[in-house]
Amino acid sequence: MLAVGVALIPLAYLATRAGEAGWDRMADELFTARTGELVVRSVALATVVTAACTALGVTLAFLVTRSDLPGRRLLGVLAALPLAVPSYVAAFAWVSTLQGDAGVGSFAGFWAAALVLTLVSYPYVYLPVAAALVGSDPAQEEVARSLGRGPWRTAVGVTLRQVRPAVAAGALLVALYVLSDFGAVSILRVDVFTRAIFTAISLGFDRTGALVLSTVLVALTALVLLAEQFSRRRAARYARLGGGAARPPGRVRLGRLRWPAVLGVAGVLGAALGVPAVSLLRWFGEGVSRPGSLGELADAAANSLGVALLGTGLTMMLALPVGLLSARAPGLLAMALDRLAYLSHALPGLVIGLSLVFFGINVAYPLYQSVWLLALAYAALFLPLAVAAVSAAVAQAPPGLEEVARSLGRRRAHVLRTVTVPLAAPGIGAGAALVFLTCMKELPATLLLRPTGMDTLATGLWTRTSVAAYAAAAPYAALLVLIAAVPTWWLSARTGVLTRTGG
Amino acid sequence: MSTPGVRSLSASTLSGLLILGVTGCGTADARQGDGSDKKITVYSGRSESLVKPVLEDFQEASGITVEVRYGDTAQMAAQLQEEGGRSPADAFLAQDAGALGAVAERGLFARLPDEVLDKAAAAYRDDGGEWVGVTGRVRTMVYNVDQVPRADLPGSVFELTEPKWKGKVGIAPTNGSFQAFVTAMRVEYGDARTEEFLTGLKANDAQIREGNAPIVADVDAGRLASGLVNHYYVYELAKEEGTGVDDLEARNHFFPNGDIGSLVNVSGVGVLEKAGDDPDVRAFVDYLLGTGAQTYFAEQTYEYPLVAGIATAPGLPSLSSLNSPDIDLNDLDDLETTVEMINDSGLV
Amino acid sequence: MAELRIADVHKAYGRVRALSGVHLTVRSGALVAVLGPSGSGKTTLLRCIAGFEPPDVGEIRLEGRRIAAPGASVPPERRRIAVVPQEGALFPHLSVLDNIAYGLDRAARRAGRATAVLELVGLAGLQDRMPHHLSGGQQQRVAVARALAPRPPVVLLDEPFNALDAALRAELRRDVWQALRADGATAVLVTHDQAEALSMAEEVAVMRDGRIVQSGPPELLYGSPADPWVAGFVGEAVWLPAVLDRDRADTPLGTIRLTALEGSAPTGTVRVLLRPEQITLVPPGAPNAVAATVVRRDFYGHDAMLALRLDDGTRVAARIFDPASAPPAVGDEVCLHVRGTARAFPPGERASGRRPRGRRPSGPA
């Protein structure tokens, strides 16, 4: 309940402000041709990126887990790393790279944003699908093969169908992420909702207008959630047939496609990781703006780690009960709680930040501009990531085990501690890692809510890029990406693409 | 910025989250001060690299500790509006007059004493006395000396819609300074003329950039013939590249005769209602308008000092010689229609 | 040791009625098998006893103490009823010893109870293994040991031998039976395998459509099933049309004596039940012998089943022992003789229930 309360802060805030605006003002703001355009463009961007991420993420996951792709282990781990690159860094890298090399300066607009967003967010699909492919039961595939289906047709018809829940979960996160992203769309100048919201505040000093626009974003999110719910209902849960030890599934031979496939994967990684890396190196080299003291950098890194850890801890604490409930008592209530946690997920960080300013000032004044309120903002922003991870992990732990444990005379709480949580621990850890690295990258809410005088890597990066001091900004960006890469590396390693002895 | 807050916070993140939280609460509690507690909290919408040296000098000179919160000017204005009367902030240092006007409109600022207001010329302060300008910046046209002969430089910004400038003008339509300029044009010439100007720019294949800095960089590199920016960007570029401003290919052109193209906008400061009588805050405002700070801005950020008697950066025409258009800067807080018009023109 | 008393328990999932009025009493220390086809509600009954599901109607008492009734359920952890689930369900993150010790208090752990139970199930020395390093049979043994370790008064076993192969199954049954006896626990075994139920249990309760249709000692169930469905479910049945003549029935296989029955017996035209092992081959010319032709022969090693057609077309089945010594081939003429008594049922009743999923072919109807 508490968790959902946190997720509801932004919605309550929106409702309050929209209520103040009144219906007429809202109608004025909403029923315009521009709003219509924004809806179309936002939905189109989310659709294109989600489709591209799904295709890319599933293909990559399949290649590294189920084919004889050369170098698949290394590629498999690298493929998750773009998650560590903040979208604003990636967008900036692309713009500066293309401008520097070709002098075009026209890398902007819808398709540019779609490209950059796809490159930074496909790991949301890649990671769960790779994990599901490694863990899925080969029995069904074997049956399909024995019925005369070729390996490729089996892959498409059976294997991919098995991992559909993982695909749907990842695609949902991508769609919501795209709706809420500001970094890439602002740098690449795509007029979508988040940008309109920022523009309303930045140029018109028009909070109300911005918040009214935000309500549309919430409505869009609700639609996305409904669509996902619908696809979830139709998707069969994948089940392991029979008992026996889990055995590794077979691999598809790529044959003549081997090297083209490697080149393709390397191309994706080059675009997603290489471009930002080269661009950062160039920032280091160019310009004479002082790189700033190591002490400041270390302080910022320590602060980033601190608030991200605190935010992760709080988020996971709030997510555990909701995740448990939705995995163990999947009823209307659990579903409602679960969906509510998602509802504010597509709101841009700025709106979440403002809502927590509102909350801090009016409800929790002693916490205002303390790291606690910032952690609470992270919880409000990233609760769905954590809830999804927890409920998936708990769903993997069979409820029968809990019943047995209780029949042996152990209370619920004891069973939770000794059976459920240990079994779900790897999944919960994965959720925590994801939340952690997302907290590290977060900028707008951090700017609004951090304690006065505190710098994190993200705010330090912002401070320096906003005055075009790229050489000074580069160490912040590099350190941010490097620290975020650690949990990302771990996340992809635990999908089993490294060890290949999952089970 | 090495305030005690930062230091203790980083130390504690290393030693443990619990202490981190306690420290966080500590900073939160410590702000309920009044009278002279030798400590003020400033929200700065101006970037850290520009104002930090001034604030450090002030701390040293006055012994007053300044807690600074840096952020985007507009987002900070929104934050102040949201915080209302319970804001921890004592003063708001803003990048432009529009943001100050938006906060003032909510009645969050205290009226400044006349002796403070009088330090700046009437054009650069709030009529109601709720904020005062600190520095001035002038809209200019930056041009590449190799591509645009001096004789071809326009006398008015309106000439840029003419065919000879086709594809040669860079603008940053999402940038606040450009928005303020368009708003001023609306105030001065009306919406119809402004709309004509915007669609004219669009039809003339104006080159879109994300901000002023990229325009100046592109002009200097010869990728763009000219662009509409603020006057100080060429100085920043020279500094970043380690050369003199006269060695750049990019030069400033100031539109003559009070043309709207060379609008003067200000950065300024307002004092929050609760700190209206705080002597520490007053000392801070006085310092910003004093010789030291004004000289610093003139020499280091190449902005125009707004207090009489301070020399401008070398090579800049004086403010009075610009004969800048007579616009009430408070009127620039209605940017909504401007944004809409820019969107409608197809420039965004 | 405890008596378990189940009275009028109903349970529905939505519109599906899983249990509709179950009555069952399990004597203290007895091993009762609940036998039924899948979907008969037997697992639901077990879950109600364990406390995983509350009954909609009815009550369950343990040693006279009410542990389940609508709105007043003792939670599973306070019932002291242990469960051995299907396929073991060992805690995968705990070693064998930790699995077994899971339900033990500190004192019992220190007293070495876990190791003792491990020995009881024949797995001494494997205490440090992780569950995924055990074979299926070993996993089941650990699951039984884990259930027995806290000395629960009642142990519930949910088709625990299901996933095992035949040889392993027989051995495990015996060992589990011994372990249960050694501890003196009251045990309820849920199964769809009639051989398992009949061989292990002192009493068998046959379930169908959420009700217990008959319960009693295995011999009674096999010999005197309450209805044709039970007759077919607990073993092979040979049905013969018959005309009753007091305590005898005239059938195509000759006149057969009827099983003595309490209460009213049907009269007139009936059907009588024989078991295939009651029909034996006799040399041609023996008294009361009936001629038949072998239609099919299924060889099982220790015995064989013959499908036969009488001259009047009636089909019967005979189980012959010692089949290795010159068994008849398909098409051979043989002579049949009936041993023992037959049970009479009214003619209209059809054996509508599904047959058990045995390895035996169904006898001729």
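Letters A, B and C mark the chains in the order given here, with residues in each chain numbered from 1 onward.
In this section, a contact is a pair of C-beta atoms (placed from the backbone, for glycine too) under 8 Å apart; a residue touches a chain by one contact, two chains touch by 3 or more.
Note that the coordinates shown come from a computational prediction; the quantities given were computed from them, not determined experimentally.
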| field | Given chain B and chain C, the chains that contact each of them | value | A
| task | Compute per-chain Cα centres, compare each with the mean of all protein Cα atoms, and return the closest chain. | result | A
| Would you say A-C or A-B is joined by more C-beta pairs in contact? | A-B
| field | Far-end chain from chain C, centres as C-alpha averages | value | B
| request: Report, in whole Å, the distance between the mean C-alpha point of chain B and the mean C-alpha point of chain C. | output: 87
| said: Just the number, please: Cα centre separation of chain A and chain B in whole Å. | reply: 35
| task | Starting from the mean Cα coordinates of chain A and chain C, work out the distance between those two points in Å. | result | 54
| said: Under the definition above, what is the set of chain C residues touching chain A in their complex? | reply: 50-52, 75-83, 85, 87, 89, 91-93, 102-103, 132, 136, 146-147, 150, 156, 163
| remark: Note: in the complex, chain A contacts chain C through residues 242-245, 398, 400-401, 403-412, 415, 418-419, 422-423, 503
| What residues on chain B touch chain A, complex-wise? | 1-3, 5-7, 9-10, 12-14, 17, 20-21, 23-25, 27-29, 41, 47-50, 67-72, 74-75, 77-79, 81-84, 86-88, 98-99, 101-102, 174, 176, 179, 207-210, 213-214, 218, 223, 236, 240-242, 333, 335-336, 338-340, 343, 348
| remark: Contacts from chain A onto chain B in the complex sit at residues 34, 95, 103, 105, 108, 186-187, 189, 191, 199-207, 209-210, 287-289, 295-296, 298-299, 302-303, 305-307, 309-310, 313, 350, 354, 357-358, 361, 365-372, 444, 447-448, 451-455, 459, 463-464, 466-469
